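Quick one: structure below, then a few questions.
Chain lettering (A, B, C and D) follows the sequence in which the chains are written, and residue indices restart at 1 in each chain.
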Amino acid sequence: MVVSPVHFIAVPLLAAFLMPILAKVNKNLLRIVPGIVLTYLGYVSVVLMNRVATEGTIIEVLAGWSAPWGINLVYTPFTGFLATLMIAMSFLIWLYSFKFKKVDDEPALKYFILQLMLTTGSVGLVLTGDIFNFFVFMEIIALSSYALTAFYRDRNGAEAAFKYLLIGAFASTLFLLAIVLLYSQVGTLNMAEISVRMHDVPTSMKVSILVLFLVGIGIEAEMFPLNGWAPDAYSQAPSPVGVAFAALVVKAGVYGLVRITYTLFGIEGSGIGPFLIIMGGITLVMAEITALKQTSLKRMLAYSSIGQMGFVLIAFGIGTHEAVFGAIFLMFNHAIIKGLLFMSGSYLVYNTPNKEIKYLSGYGMKMPVISLFFSLGALAIVGLPPFAGFWSKLYILLAAADGALYGLIALILVVSIIEIVYYFRVVGRLYFGKPAEGSIMRKPTVGGMIAMSILAIAILVVGFYPDIITGYIDAAASSILNTDEYIKNALGAVNELTPVENIIQ
Amino acid sequence: MEDILKLLGGAAATMLLAFVVGATYGGLVRKIIARTQNRVGPPWYQNFVDISKLYMKDTAVHHGVMQHIGPAFAITASVTVLMFVPVLREGGWFPWFENLNFKGDIIFLIYMMVFGSLGMALGIGQTGNPNASIGVSRGLSMMVGYEIPFVLSLVSVMVQTHTTSITGLMEWQTQNGWLMFEAPFAFITMLLAILGMFHYAPFDIAHAPSEIASGPPSEFGGKYLAMMMTSGSIFAFAKLVFLVDVFMNGASNLVMLVVKTLLLYMVPVLYGAVSPRYRTEQAIRYLWGWPVFFGIIALIYSIYI
Amino acid sequence: MGGAILAYLAKRITPMLSSIVSFLAISSAAVVFFTMTSSTDVVTVSVRNFTLQFGLNAYSWVFAAMVMGISALVSLYNIAYMSGKDRLGYFNLNFTLAIMSMMGIVFANDWISFFIFWEIMTWSSFLIVVYNGIDEGKIGTKYMIFSAVGGYAMLMAIVITNSQIDSFLIADLINAYPTFGHGMQAMIGILFLIGFSVKAAVMPLHVWAPRAYSDSPMSFTAIFSGLLSKMGIFGMAIMFISVFSKASIGDTFIYSQVIAWLGGVTAVMATFYAVIQKDAKRLLAYSSIAQLGYIVTGLAIGTKLSVMSALFLAVIHALYKGILFMAVGAVERQAGSTNLEQLGALIRKMPWTFFSALIAAIALAGIPPLGGFVGKWMLYESMITSTNPSHLFLVILIFLSSTAAFLYVYRLLFGLFLGQEEPEWDHVKEAPAPMVIPMVLMALTLILLGYAPGLLFEPIANGMEFLGFENVGWQMSSLSNIWGDTVDMQYVWGSVVTLFVLGAIFITIKNRKSTRYVTTKDIHTSGEIPEAHENLTYAVDFYKPFERAIEPVMRKTMDFYYNHFGNGLESLFGFVRKIYTGNGQTYAMYVVIFLVILLLIGEQIFK
Amino acid sequence: MENIDFNQILSIAIYGSAVGLILIGLYAVLMKKHLTKIIIGLSIIDAGIHLLFIAIGYISNGTSPIFSEKGISLVSEGTKMVDPVPQALVLTAIVIGFGVTAVALSLVIRLYRHHQTARIDQIKTLKW
């Protein structure tokens, strides 16, 4: 049973569509199916990661058509790393939401299908080598996350979903427009070929394509002016979906941004780097400032994860190998730490009226384990040394220092002071307020506990001994950086350029 | 072995001398103040009589262990200051009197002067007498007041003569004249500081007889009061000798010593006899006003000459 | 060496049980440390592209010994102090973590591990500061913000140095420092100094210290103010001695002048605050900030004598501050309150605590026979003999604060132990043994150091030679300055003690039989005898006149400015978050506007 | 006049109408307050882009890109085939547009039932 990247997409899609039928057969089957699928995908990703580490990028041509037309999946160390990260996180999310909606089964079925769709969309987006396929997967993610945000009937999920949909649809139209213009200039959809043919496109057209792409994917990656929808969507979605947002959707958005800027347009000397730094910086500052003033916990976490994404953008903007390494490391850290924060946070605020922080006082005694997870997450996200967050922040700062961007370092550090303030305000309230009587605690499910403890252990292990994953991240950083190696591999499957010209004119 | 004997003998002799001279000064002061208030005043040997009467008294009341330690601190401080100050220059015919001065220096002496009052304050605290505690709080606040100009003048002197030990100062003075004239501003600051240090009239808020029943020692009777008075007189003498050594190049013989110390002693006494009493914060404000101003000039003067 | 690290790593897992376990862990680490000091091999942990080095050198031995010794004693005290309290496991975890991180800092050879343990120390002490749960005045967040500012300033400096010389080793920074450009030297220097002076509570950055010291449990405050602040001094000493001395002439002048005066101002202001405090804990907190001010001044002056005095004072300060905080903790535990105005006359009930507090107070005030005087003397001498004139005026400032120190020292002793005996405190008994033993032990070391300061001079001298000074001379017991004047501590000590003993014997023996003890109620009050319940202790507003005298200086505290700044920021952020109006359409409008702007200026940025 | 060949005008017309559609849709989304109008505006924009996509792939008097015998024979005679790729993409894009609109409408129904209003500026519970 040869293992190939296409399984990443085919198997979960198949499972997603089979689920309604299976659910009819046996009620709790629908809970187990995603687990099986995700474990299998986990196995696939592990095998592929080793293969990629040994033989280099794996190219998977779909449906026979060679590169310029057919869609090919490019499994480079970078995309492989992201895919594994996403699968691992969605496995944990599945574990976390195992007992989800025990009450009436019907939405649970929808929930699991959508969750599986979300995973497929994001993994597919990361792996695909074709720009239009990228658009299709982006839409899959978008659609499933619209539905998931509006999942709960009682809360105003609908409003959040509608805002997300409005902006998301806008993003997809812009993205499509960009593809249209790109196709008109370059005539091919395969990313590798695009980047080859990009430098003979007139600059004015090239700029407008780039801008459209940036804004289109920027909405998904929550850049500053474009992230209006994000805090509402995060806070109104059910808690496992919040984790999915933080771990999968945003990562896909940022990957898209990076793939376009790095591979299609090339980062050196084209002014994109400084643009990313500035936009990342503004996102970071704006998100952290608003987070400071938040009263509801989930909105605060939402703004903080937007801020972290701004930080990743800054790192990618710097563009040196060290910076990219730091950025990928931060993406990994952000996924696990923010996941833990969302999971534990949602248990904490489960039954406080509209998720206010001020009702949390004194929960340290009543829910000791959950608050311990939350404070561990808080300490890690802020970047205090013994935990995972510190190393990624350190590498990015080192890269910034090499680039003599002292202003940037100062900005990052000042903002992280703000971050410390609002996180420790919550931790302080957890442990040292007077518990309000009569607040009912929500016992965490077994699955939830396992998921959270895995994440906590991951934070500690990476914190103490970062060398476990630095090897993979190094490979990933180098693979994203040298685009020509990417092109050589992607086009290697089809050595000669098929005569496109003779067909059209 | 021989010089230890000499040392002990010298120490005993100095202590006796200090006590005698100190007590007579006490008597003299009472007489002078009385005279200015045109009443006859007690005879000059009145202090000796009081102290000996107090020692002879049988019953003595105490409030616990600290009341023993307090006067012990006081006597230690005054005698140690005496020990470390060269009472007579070695040239004189009483060589025994220069005892341990080569071992200590001026900063050490500044601290020893403070040591006495702090120790006594602890003893007084034990007694629990409210008047005493008020006296202590005023006394200590005043101490902060007059320490500053006192130190200012000493520091400027030290900087000018490039030595921090008293013997060094005296050698410097033998070469180029009394510091009284060489460092005029320092001397003026010192005079103003002395007003505060000897707790005479303008600055006697701490022992104010009318308000707080003689202040801190009000709870001490019998042998404790006696011990306090002896150490008081020795301390007065020791301070005077120290000042004479610093500013007037010490004395080679006893007569010179008495003359110089008496002259110096008259400044606070006479000024005190005629002036009313400052409140504590007025005292502190005053002591941090003019004296500190002169002190700073002295410092600048010492740096740039 | 390996043993020491192994030991304190081992204690990381045991603290959850109870303070007894944490005591055993710390003391075992102390024992291992003292036996293993000879080997100076280096333990390295490699992380991706750089290695974290741990090694012990002469200079860090001084601090390590101090940390180990005092924390072992304080953890013994901790057992008794914390026996009644709840959430013991949580407290001990952080207690041991803080001590472990201090050891880590002292051992670190490179900046990254230095920073790692620095941050662990910060947040573990933060978790203890908020342990009592009283959060009014937002002391927890204030502490966290300030130490974050310090920590991140240091991180920035580390990152910049790495970009210059591409290595994290402290030694590399030391010998590469002169080669940097003028601007670079200044930036790195100032950033490091900010980082260290937050912990050493130097004036502008000290706002967190008084509340943090007084709000956390007393057993930890002894560590907190005694040792944690010394880590700031540890770092500052490295910067001043080995780094700045090599910097271009222009720089050293600024650093030593500015920091020296900052230290002086801190000392004076903190002492003034201390004098007017009502609560013993706050009084001690301000006093330890003042003492730190001395040490910082000593370091900043930079002559051989002043650095020696600063390090000596650092150790002595840790000792007597430890005793005083423990004593106040004992009083708090036995009598239940530390308010100077209500307590009184505990001397008869808690004699041993009083004895150690008295010795500590004498040392703190710098009175001759004890170690405090030695440190102070050297500090004054170094300032008087120093060449640049501004130090002379600094002497006056320092002297003012040390004389004012007598005030609050007396107020502390009088408030807690002396004065009228009140019926409400009759139930008070002496503190349990494990509390008293560490205090008395530390008091005895203070007395010993008074007699023979050389015991401490020797390691400090080796440390200073390691850092960059040449042939630092020291004698066993006589102190000398460059002008050749000496004070022989043996003579001083001898004369004072013999005289004291003679005086005490004389006064007790003299007609022994006829003196009788009488309670503090029966006093000379010109006739009307006070009844039992009448409280005659004069302790309220003890130094009102002094307070009125220094009124003009005290009007605005630094805290006022920080709160003002904080609220200003808060309202600004409140305004900023309005940008998310909540209306979907406005978000779409933002997108379009952003798109149009980009299209227009796209040419320039993406050329 | 006749030298302006017919294809030139046709392509300008098509491109012009595509851009026009996009602008109209944009106006609807940004200005209109009623939710359904916004959704209609969105689909107008979609339609505009699809039109643009097809226009790019059009070759004047090219034949449809189906490899039937007739098609291949035509190609052998030299008439070009129209570029098939945009047409394929537009198909998927239309389906996606349809999906999004369906979800949007269901959300609008839910919003109306919850807020009893369909004006977007009244639905602002989630702010800051």
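Observations on the model:
Assume a contact is a pair of C-beta atoms (placed from the backbone, for glycine too) under 8 Å apart; a residue touches a chain by one contact, two chains touch by 3 or more.
What you see is a predicted model, and the numbers here were worked out from it, not measured in a lab.
Pairs A-C and B-C differ in how many C-beta pairs touch across them, and the larger number is found at B-C.
In whole angstrom, the spacing between the mean C-alpha positions of chain A and chain C is 45. Centres computed as Cα averages put chain B at a distance of 36 Å from chain C. Taking the mean of the C-alpha atoms as each chain's centre, chain A and chain D sit 29 Å apart. As a whole-number value, the distance joining the C-alpha centres of chain B and chain D reads 103 Å. Under the contact definition stated at the top, the residues of chain A that touch 2 or more other chains are 162-163, 166, 170, 231-232, 290, 293. The residues of chain C that reach two or more other chains are 577, 580, 582, 584-585, 588, listed in rising order. The multi-chain contact residues of chain D, meaning those touching 2 or more other chains, are 29, 38, 123, 125-126, 128.
In summary, the structure contains touching chain pairs A-C, A-D, B-C, C-D.
By the touch rule above, chain C contacts chain A in their complex via residues 46-48, 112, 115-120, 122-123, 126-127, 130-133, 135, 140-141, 144-145, 148-149, 152-153, 155-156, 159-160, 162-163, 187, 570, 573-574, 576-577, 579-580, 582, 584-588, 590-591, 593-595, 598-599, 602-607.
If you check the complex, the residues on chain D that touch chain A are 22, 29, 35, 38, 42, 45-46, 49, 52-53, 56, 59, 80-81, 83, 85-86, 89, 92-93, 96, 99-100, 103-104, 107-108, 110-111, 114-115, 123, 125-126, 128.
On the side of chain A, the complex with chain D involves touching residues 69, 132, 135-136, 139, 142-143, 146-147, 150, 153, 156, 158-163, 165-166, 168-170, 172-173, 176-177, 179-180, 183-184, 189, 231-232, 235-236, 290, 293-294, 503-505. Note for the complex: chain B touches chain C at residues 55, 58-66, 68-69, 71-73, 75-76, 79-80, 83-84, 100, 103-105, 107-108, 111-112, 114-115, 118, 121-122, 125-130, 133-134, 136-138, 140-141, 143-145, 147-148, 151-152, 155, 158-159, 162-165, 168, 213, 218-219, 222-224, 227, 279-281, 284-285, 288, 295-296, 299, 303. Contact residues of chain C toward chain D in the complex are 577-578, 580-585, 588-589, 592.
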